[in-house]
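Next come two complexes built around chain A: one with chain B, the other with chain C.
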Partner chain A sequence: MKNKWVKLWIAAFLAPTIAVLCLFYLIPILTVLVTGFTDWNGMSKPVFVGFDNYVKLISYDNTFLISMKNLFLWSLIAATAHVGFGTLVAFVLYKKRFGWRLVRGAFMIPMVISSAAWAMIYNLIFNDEYGLINNGVRKLGFGNFHVSWFYESPAAFFAITLTWLFYAVYVTLIVYNDLMAIPKEVHEAALLDGASEWQVTRFINIPLVKNAIATGIILSVTARIAGFEEVALTSRGGPGNDTYNITLMLYDGIVNYQHGYANSAATIMILLGMLVMVIINRAFKMNERTY
Partner chain B sequence: MKVRVREIPERIFSYGVMLFTFLISIFPLVWVVVSSFKTNKEILSNPFSIPKTLDFQVYSDVFTQYNFLSYFKNSLIVAVTATLIAVFIYSLAGYIFGKFDFRGKNFLFVLCTITLLVPGYSRAQPIFALINKLGLYNTKTGLILVYTSFGMALALFILRLSFASIPRDFDEAAIIDGAGFWRIFWNVNLPLAKSGMVTAGVLMFIQAWNEYFYALVLTADEANRTLPVAVQFFNEAFSYNYTRLFAALTLVILPGIIIYLLVQEQVQNSVASSGVKG
Partner chain C sequence: MKKSYKIASVLSLCFLLILTACGGNKNNSGSQSSPSATPSASGSASPSASASTPAEKVVLKIPHYKAGANVGAKFFLPQIDRFNKKYEGQYEIQIEEVPDDKYRDKIKLLWQQKKLPALVESGDREFIEQLIKNGEIYDLKPWLDTKPDLQKVFIEDSVKFNTQDGHIYTMPLAVTRPTGIYFNKEMFQKAGITKPISQMTFEEFDQACEALKKAGFTPLSLMTGENGWTTMLLGTAFLAGQPGGADVLKDTAITYDYTSPMWVSTFTEIQKWLQKYSSPNAIGAKYADAANAFLNEKAAMIANGPWMVGDFSDTTKAPAGFDQKVGFSLSPGGVGIDNVQGYSWWIPNGLSQGETDAALAFMEFRMTPEELKQWMIAEGGFAPNLPASDEVNSKVSPILGEFNKQSTTDLKVLVKAMQDVWPNQIGQSEFGRYLALLAKGSVTPEQFAKQLTQKAQQFKK
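The block that comes next holds the complex of A and B.
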């Protein structure tokens, strides 16, 4: 085959992917960054307004600030309790106790069903009349227990948190994968030296899965930045705007034809995503080799 | 024996964590399925009770009324088409990334895969505008296009690896036999990359089947609405008929679970490996 033909084939094979990359990623991201500085309804010509949209985000009402506060708290919970639980499950599964495969398989299921359906299911679980939580508490002897979880503050915040708090299977799988990659000899040598089971976990296993945990934190915080269903289908940001988040603001902006404004919120999302990457990379020194 | 005694608290703890994990994952779903067989009265009087009879009538009701079948068909058409197109075009690119060298290759690959780190919904407005401009608002084609773009980074990770691990000896043998570029790809490499394609395909199908945000933004009526969006309307449509609400939810979650159970290993492996590299 002539070299020129190969080059043409390569170009042809890459063309569809490059088209997707440009149309759905590069151009949109550029559009977001630029039109965030414009007044634009999506149809007429965008008008450059400088930082007006960003000023409006902060000063129009407190929805943006509340969204940021919620994001901060949810990210904190995600990076600690959520990732912590996923990591714990990985370490427990690593012991390969009876039934570990079944547990791993089951843990995956909430990830493969629609998060819209999942949010609806939690809506029902927290229902005061026929939901599991309130009826369970009432059965335990607190006959007068009535909380309208998604309609009261601060209950709504916690109820939304519970829809994702324990479902950290991707963290579990990543950490588990790294645990399996640790050479058996390392453990054998440590045990021969008289290290206890706990010491092996604390001083060998945890440091060696550091990168996996950091990846888990990045993924889980990014998921919080882009969280939508768990709020839109439960409290819809309420009561008031207590449980609002940026994606909900972005959605409102799009359907209300405030596209410039929506894209300023989207810009904040992109910047926050990058910020999280940089912070976690620094904190965990992810570029250093572990062994 | 001494060691054994020392192990007991650790064992209790481990099994406790395993049981808790199992229950929080399964119990909400079992509750939904079981409740769909209960009458409205049974649901309201005791959410923990077991249904007295196994009556499938409600399922045929949900299917025949409320256009459930139409939502179901839309979801299936959109998810299957998007998955097939995506696996095909990313296999083409994955083959090049895995087996050929050209200037700027690494840059292009990094550019493609770094998109994984941009929060998905942040591109919503430009994608909304693009679909509108193409005249594809409120069409299945529009959704198919968007979903095809979704799994790009993940699919390229998986497929590049699959193609790179196919020995070059096969290609050389095929060249000697006089095979052209396309035949080497289609007849020699593609069959050997099957497991990678299945893995990528399963992930993309699940993603497309479950997607809610773009389906909500890009469709306007039930002719093109998919199941996840329909879920929202069940709440209003089945006002106070909880049996039907639970049955509808069961029908929404079941296909994903069935597909997952069929290809469990692949899904787990791909989540683990893509996470590490992502």
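The block that comes next holds the complex of A and C.
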């Protein structure tokens, strides 16, 4: 009898969460999946067209291929340099050297700035006429230095990368929390056995926070898949379609009243996100206990 | 355990309350005549809100971008005040500020929520045409038929465009405000240019640019960022002078193919201007950068419309006295650029009678000669079918006076801008994105034309 009540209470508590999940995630995702196979302008009744939207998305021109190439490169940079930087900061903070609190505080500041605002800030930094970069170079004696960072190839790709590369606060937070959770006894035992500080980091700390690093990689790579503002508000995918990504293809579909096409792009984004999770999960053996 | 149950119950109650609060008020329609208007399934307010209480004041809550810091607010908000004063106790319009670039999205969102306001200004062409197809826009024709004086001021092309199968769904225009070229008179004088731009051919225009260069000035303030606005306007003027160009630019149909010689010649000319006659920062320059270059005397010319005139005397944007140095001319060949074949104000179907009457009253109010005159004084433009007014001519700024004069004396051809005959994707996105490559010489004008054509075809219906 008691068990029955407990189960009822559990169900009662889960019900709102499940309702919210269905309302805000499951139903929209299902709608996206289904309408991706339709010709739908968002106002009329959707008409089933099979895989037409996917064929058009992938093979109309080279935009999809370029988007995938950009996504691959950005994901690679995110998984290595971006997560690496965030992890490095976490390890530095963990050592609690002089001024670590100040560094931690300063590093958190970008958390309160939206990515749209970041994009606008970088628009100013990279502006040809009054931007920090170009004026700095011109002050160094290169008076004729003119690079429109977001509008020239290959500068645009690197300029966009810089808008998020060092913005790795969430990676730092996750790794730092895992580092703090390592029992002191483990370190003490290693030091008693004569391990150096580097050996403690290399053979104890890094393996014990690998799940946090893997989570950081998943978050940063999926952020690249869903990244919109940093491209749309800077280069808008240009010059030409050199910095195009799949979110812009989705956006194009929406503004051209081709919601079916847009949702086929959204479906690919969802599948890519799931694929990344599976790959990282397996590569880092995230389901296994670390200690 | 009992304590836990109590806490759980309180938490559940709080959760329910939050959900209820988030649900909001279903009847928060854009309009609210005193018996509340219920939205219908068609995306507009239902007629079920009866007109049985006409004595009650009808309040229309209208989201609009001409509010706050928007340049159009200077005229629009006082106009709303004048309307509210005239119809005091009967109708009232309340404006809810929406950012300029979010207005169309906001309208679409309200349509999806079935909460369209009683008055909407313009919108995406395809959106409006779909609503017309769905029967969701109020037919103004029967009402306009009872207003012969009102019809007299309309521009004929605008009436033609707005008439579909004998119905008129959006209000035709009465005022045209063609764009042209603002130039720095001092720079022109130093370069020895005396011939008015509107009387030049494009060969002579090139010579003028060369003369300005020789005198040490950057001739043109162009841009490739955003939608390439100032570059696109100048390109339009060139295209209008090409064989068949004016016809394409006057056509009501959207153009999807840009590979014909007239388009390629235009893109060749644009490439030349960007490479020879504009500053290096034109690549990637946005409208603010282009305007800034002209306002701060770093460029001799900029293509734009009368709404820019206020900036010339704004000392936060330009040096004091700059407005005295600025002249206006139509583009070479006497080309004026304006789109009178566009959708303007409209009313959704299915409002209560009171709301429809209030919306129609505003439509009529803003088209009265007095209001049109005030608008022209404030923002320039001319009404071809309104008798010339000394009041307007005497009150406008000298630049707007020149603008009005040129628009009537030197105007040889009035066309739409290129972006008005392009699909939205090209005008708002692709043109600017590929323009940087054209300026850099990374693509030829032929390749540029081919790329734009391919992109235009992608979303062709």
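By definition in this document, the second predicted complex is superposed on the first by the 270 of 291 C-alpha atoms of A that agree within 3 Å, B and C clash if a C-alpha of one lies under 4 Å from a C-alpha of the other, contacts with A are read in each partner's own complex, and residues count from 1 in each chain.
Assume a residue touches a chain if its C-beta (ideal position, glycine included) is under 8 Å from a C-beta of that chain, and two chains touch if they have at least 3 such contacts.
Predicted model only: the values in this text are computed from it and were never measured.
Once the complexes are laid over each other on chain A, chain B and chain C cannot both fit and instead clash. In the overlay built on the shared chain, the residue A:E129 is in contact with chain B and with chain C. When the two complexes are overlaid on their common chain A, residue A:S153 makes contact with chain C while staying clear of chain B.
In the superposition on chain A, A:G105 contacts chain B only, with no contact to chain C. Ranked by how many residues of chain A each touches, chain B and chain C are led by B.
In the superposition on chain A, contact is made by A:I113 with chain B only, not with chain C. In the superposed pair of complexes, A:S44 makes contact with chain C only, with no contact to chain B. In the superposition on chain A, contact of A:V255 is made with both chain B and chain C. With both structures placed on the common chain, the touch criterion links A:F13 to chain B and to chain C. Clashing C-alpha atoms with chain C after superposition occur in a single stretch of chain B, namely 132-140 (options considered: 6-14, 132-140 or 258-266). Looking at chain A, you'll find residues 9, 13, 16, 42, 129, 255 touch chain B in one structure and chain C in the other.
Residues 9, 12-13, 16, 41-44, 56, 60-61, 127-129, 146, 148-153, 236-241, 252, 255-258 of chain A are the ones touching chain C in the complex. On the side of chain C, the complex with chain A involves touching residues 5, 8, 12, 15, 19, 112, 124, 126-127, 130-131, 134, 224-225, 280-281, 283-285, 289, 423-425, 428-429, 432-434, 436-437, 440, 442-443, 451, 454-455, 458-459.
Residues 10-11, 14-15, 17-18, 21-22, 24-26, 28-29, 31-32, 43-44, 46-48, 89-90, 92-93, 95-96, 100, 102, 108, 111-112, 115, 117-130, 132, 146, 148-149, 152, 156, 175, 180-182, 185, 206, 209-213, 216-217, 227-229, 231-232, 234-235, 242, 245-246, 249, 252-253, 256-257, 259-260, 264, 267-268, 271-273, 275-276, 278 of chain B touch chain A in their complex.
Residues 1, 5-7, 9-10, 13-14, 16-18, 20-21, 23-29, 31-32, 35, 42, 88-89, 92-93, 95, 97, 99-100, 102-117, 120-125, 129-132, 135-136, 139, 166-167, 169-170, 173-174, 176-178, 197, 211-212, 215-216, 219, 222, 225-226, 228-229, 233, 247, 250-251, 253-255, 259, 262-263, 266-267, 269-270, 272-274, 277 of chain A are the ones touching chain B in the complex.
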